[in-house]
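Shared between the two complexes below is subunit A, which has subunit B as its partner in the first and subunit C in the second.
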Partner chain A sequence: MATTSVREPPVGPLPPVRRSAWGITARRRLAGYGLAAPGVLWLLLFFLIPAIMMVYTSLQSGGALEGYSFTWAWGNYAEALSGRGVFFGRSLEFSLLTALGTMVLAFPAVYWIAFYGGRRKSTLLFMILLPYFVSFMIRTVMWKFILGDNGPLLGPLKDWHLLPTNFRVLATPFAVVLGLIYNYLPFSALPLYVALERIDPALIEAAKDLFANRTQAFLRVVLPLSLPGVFAATLLTFVPATGDYVEAELLGGTGNYMIGNIIQGEFLIRARYPTAAALSIMLMLGMVILTSIYARFLGTEDEVVAAAVTA
Partner chain B sequence: MRGVTSGSRPGGHRKRWTRFILPGYTYLLMLYLVTPILMMILYGFNNIPGDRQSARFYGFTLDWYRRLLENPDLTSAFKASVVIAVLAATISTPLGTLLGLALGRYWFRGRGATNFVIFMAIAVPEIVLGSSLLSMFVQVRAPLGYTTILLAHIGFDTPFVAVVVRARVSGMDQSMEEAAKDLFATPLVAFLRVTLPVIAPGIMAGFMLAFVLSLDDFVITQFVSGQQFTFPLWVYGAIKIGIPPSVNVFGTILFLTGASIAGFGLVRSLFRKEKAF
Partner chain C sequence: MSERNEQPDPDAIQAMMRHRLTRRGFLRTAGMGVAGGVAIPSLLAACGGGGTSGKKIWDAKEIFSGQPGDMINFANWPLYIDKAKDPDGNVYYPSLAKFTKETDIQVTYKEAIQDNPVFFGKIQPQLSAGQPTGWDIIVMSNGWESYVMMERGWVYPLDTSKRPTFDQYAVGWAKDPNYDPGAAHTMVYQWGLTSIAVNHDLVTAPITKLDDLMDTKKLPPASVGMLVDDMKDFVMKNLGIDPVTSGPPEWKEAAAWLLKQRDTGVVRGYYSQGYTDELTAGNVAASMAWSGDVVYYNVWGGYSNLEFLVPEGGCCAWADNMMIPAYAANPVGALELMDWYYRPDIATDLQIWVMYMSPCTATKQGFLDEAQAAEEKGWKGYASKLYTSAKSEFIFPSDEFMSQEVSWMRQLKTQDEKDEWDAIFEPISEH
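So, the complex of A and B:
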């Protein structure tokens, strides 16, 4: 897929034209509006209106049985938050560990592929991505199966008395983070690979010619140049992981619930829509604030989109 | 292997074994990543007495492949998933393509805002999209089910198609279309005979991405599904009573299909010296 020129195209000044410049400009503009109209309408219908509806829902009061009505019930936010700090905290903690874990696991591998992969580069990258052709739900279920208390991994170890019989991995925070790291690894590996692959090896040679040893060349040339990839990788793993609830439910159980489990429960099980909507909005606002602070320090929005393109 | 040539430096030879660390690590990582998949495939052959998966491997059988379609609920959930994925990809591809074209080469009022909405749609946690869509469907009292799932899938597929097509469009050399126009092609002909063939791989990639995203989606689908099941939703529901081995078989089939299509593309690109951009 395209790895170059994903940045904004030059749309400002038009190329020199021989025909009536005004006519062509007007035509181009009309064409732009015409092409964009259906898609923009669709985005309005399925992103902006739902978002407004969610805010509207979050300000309603009432009950699941008697129905809800709009009352500017700002109290929903305070009520939704009370006692939920621990879940927000756990989501933050697990997603940070996910972002960090995927990066630490993926970086050495994609570094090797990008710099020493030679002609096998795309084959090796394909091997890394291969497991992700299996659907997300099945991958998670398989981890639940593998890590089960008497599953194919722990069962034999217990039979050989290498582990105490009450030893378990499931229902621990470790299992949740393991599942999250596994599922989000490609979102880290791909942007890192794209960033590393773009680095000209001649730059490293140049650093060595200037008497840098390998560590210095890595720290002062490769690492700074890979920062856009690092930025995209952390965002693409951290942000989606904060809202995730599948790993927490299947691998962690009630003791390891994240904020996503609470939102899902309020929405789909208890049908307490205003509370659930309020929590969802706070999650989103929290993410927007955190990512914009992070973007100030490390990169720009373009790089995230660029990473998403390659994903 | 540039790393090895630095052996001319004093002490370089002493460290030579270290050049096996990175490749060794990479292959170990691949092994870790592929383990659940191998387990999935293996346990699809598990000759268990009942029809719920167990940790014990009783021996090989092809029974689960033969009896693949015996569970009507699972089969209809799988069918629903495939039909929704095909429809969602088919509808979101033209929508996303037009959007990608407009964003890639035209200026229009609200272009920045549109780019921002697309960025948000891709970056925001899925649960936020799921809950906002559910809020809307609840507010307008739309009955949840097949239609709402399809609408939601078209919704989240479109931005991805748009981003993929936009990348292809902005990588394209615009002078080609200008040249066609200089040779008296009408704008429509220039588009159909020059622009479209160049961006076609992007459109195709967008379609495939939309199809896969839709087939795989769990979170948004769960929020807007009502009583309708898709394959991931059915698997999720079956966890409490135990997964039948047919799920492993369906998973294996999906995996082999996806991997071979992608593998085919990879092999073709390795053999063809076409300069991709």
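So, the complex of A and C:
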């Protein structure tokens, strides 16, 4: 998240000053730019230059055999998009389910840790994070093993005739979303925890003193105060999940491809860099638009800052 | 594992081989890990306007005129070479160790290739910019990527006068393969078949023809694995079309079959790797497969429920070729090592390990000699497996079998052809 864009500008409107203070003003001005420099440099190196290169690539034509050349090939965009709407749609669906699923799982858990964890809060939070110390790929592959058609989970259930022999979890959309939810859980849990932990329990007591029952206290005090966390959690799960392709590749089957799989295929399998770049740009723009709309509805500046800080 | 000839322990050999993953069936994950790293350099290269276009012309005599360097960097597929353990328990590669002993050239062997297109994507930026890839030998299958490499002058033409062992022992077709006339740029490392593997525990009726792969009475839902790169040629072959001479109308016919198959719901996935994991885990009942993977699991791995078979319509062949990428530091040494793998004893050791097909004509005798030696030492099980293997058409194919059942695959030769091919087949697996 770009913190610089939402915080106070480095140099605010200055009070009228006498001429003799000119030197100080200039220094303050320079200091402001100096302080912003690392952030600007970061964005330049890791966002702006790659983004420009991606746009440049997306406008090339050619192929592996004759090489690529820049030709303002705007047609790449239309071509890349044709027949691909379904994958954008599916990615959106899967990532929304992921954001929702992680929220539903993480919220109660970190709520309990934040309010009832006591001295063991850190330990409990650490326990949520512990599985994620294992490599992402290994964890996903292990799900493939656990959920195998005759694996440790389904095998016995089939043997006891609790499930039909042809029952499966793998190679279904459910398996893909399950994998996504599992892998993105900490990105939801951590910002939610930060938000919930900041809430002063005295506020809940105050609500109760004012005759709120538990539900009312939750809905009117805890939930609104946790919104920055909810906002950050949604962004941190929804945005990366949309471009993800690993779960669809490993846990999904036919009919489960996400847009990330398509981009990966164009880039790595067919070496059609312009098409892949065009798809990536469209995905990026789509995400910016969607998250801006979301921020408009749910986010205030506070929430955006919270998201930025936790990110 | 101990080196077979020196420290006899057939049980240990089998135990170790059982745990070997299949080379091609290596997790896709490896390829994915690479994906992130590939993106930026490829993008950079693509941004550079694709580097030099047109073909770079090399003079083989000049390239191979000097003395060999003292180091060779060899990129190959996972689990595609003979292995052994020294007394300290360190894994080494006997065929390479012997080479170093004989020539004093060190070999750095890396399992760096998991997928042809992905590896191509990795080295393409350097090559198009006229820079070395860091490799002296790479092993890639015949097909589009190899073709592009040869066409653009990204692999060195070989000095064909400097491979005496190859000249003596290479099987006829490998001296003049259709994808590289005169074997001017490539030398076969191993070759193999693309056909069908079945798990007899899961199929309910015999699989004997292509259409069985969409027969929902014989196969449960989502239980068939398809090989995304090979399935087009394999289906064409089984529809009675010669893939090698096929054109867009035939491609569409194959695509229609594949689409029909997908619509029955019988397909589990379109794999470029990892299908063997699905086979051994019992997730797929039948899968398109590469011969060596399945033969290996069947013979050395103890998976007696797996069988490699060729359907009524036949199957396809491919070759994995050693090539020397342009700008390589040690082409002379590389060519020497490529020739080394045609020595009968070396080729036999390699083939017993990988269970694919050897381009060296002397390995069948090598198998028999090895079996006899094993028998004399009392290793009956090991000997009988070697005897059986020596009779297998999938390890030592007869000329009759090759001419009647096997086709090579379509070599795409222009960008337009490639684009049309992709446009026809892409929508099947991209789903």
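In this text, the second predicted complex is superposed on the first by the 251 of 311 C-alpha atoms of A that agree within 3 Å, B and C clash if a C-alpha of one lies under 4 Å from a C-alpha of the other, contacts with A are read in each partner's own complex, and residues count from 1 in each chain.
Criterion: a residue touches a chain if its C-beta (ideal position, glycine included) is under 8 Å from a C-beta of that chain, and two chains touch if they have at least 3 such contacts.
Not measured: the values here are computed from a predicted model.
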item	value
Which of subunit B and subunit C A:Gly265 touches, first, second, both or neither	second
First (subunit B), second (subunit C), both or neither touched by A:Phe167	neither
Which of subunit B and subunit C A:Gly148 touches, first, second, both or neither	both
Partner touching more residues of subunit A, whether subunit B or subunit C	B
Which of subunit B and subunit C A:Gly255 touches, first, second, both or neither	second
Contacts of A:Ser69 with subunit B and subunit C, given as first, second, both or neither	second
Partner chain(s) touched by A:Leu43 [first = subunit B, second = subunit C, both, neither]	first
Touching partner for A:Arg29 - first (subunit B), second (subunit C), both, neither	first
Which superposed partner A:Thr57 touches (first subunit B, second subunit C, both, neither)	both
Subunit B/subunit C common contact set on subunit A	50, 53-54, 56-57, 137, 141, 144-145, 148, 150-151, 246, 250, 264, 267-268, 273, 277
Subunit C - residues contacting subunit A, complex	27-29, 31-33, 35, 38-40, 42-44, 46-47, 49-53, 115, 117-118, 120-121, 124, 128, 144-145, 148, 151-152, 220-222, 262, 267-270, 272, 277, 281-283, 414-415, 418-419, 422, 426-427, 429-431
Residue ranges of subunit A touching subunit B (in the complex, touch as defined)	1-2, 4-9, 11-12, 15, 27-29, 31-33, 35-36, 38-40, 42-43, 45-51, 53-54, 56-57, 105-106, 108-109, 111-113, 115-116, 119, 122-124, 126-128, 130-131, 133-139, 141-146, 148, 150-152, 155, 182, 185, 201, 204-205, 208, 214, 235-236, 239-246, 250, 260, 263-264, 267-268, 273, 276-277, 280, 283-284, 287, 291, 301, 304-305, 308-309
Sites on subunit A touched by subunit C in the complex	50, 53-54, 56-57, 60, 62-70, 83, 87, 137, 140-141, 144-145, 148-151, 165-166, 168, 170-171, 246, 249-250, 252-255, 257, 261-262, 264-265, 267-271, 273-274, 277
Residues on subunit B engaged by subunit A in the complex (per definition of touch)	1-3, 6, 22-23, 25-26, 29-30, 33-37, 39-40, 43, 53, 55, 57, 95-96, 98-99, 101-111, 114-115, 117-129, 131-136, 138-139, 151-152, 154-156, 158-160, 162-164, 167-171, 174-175, 178, 187, 202, 205, 215-216, 218-219, 222-223, 231-232, 235-236, 239, 243, 247, 251, 254-255, 258-259, 262-263, 266, 269-270, 276-277
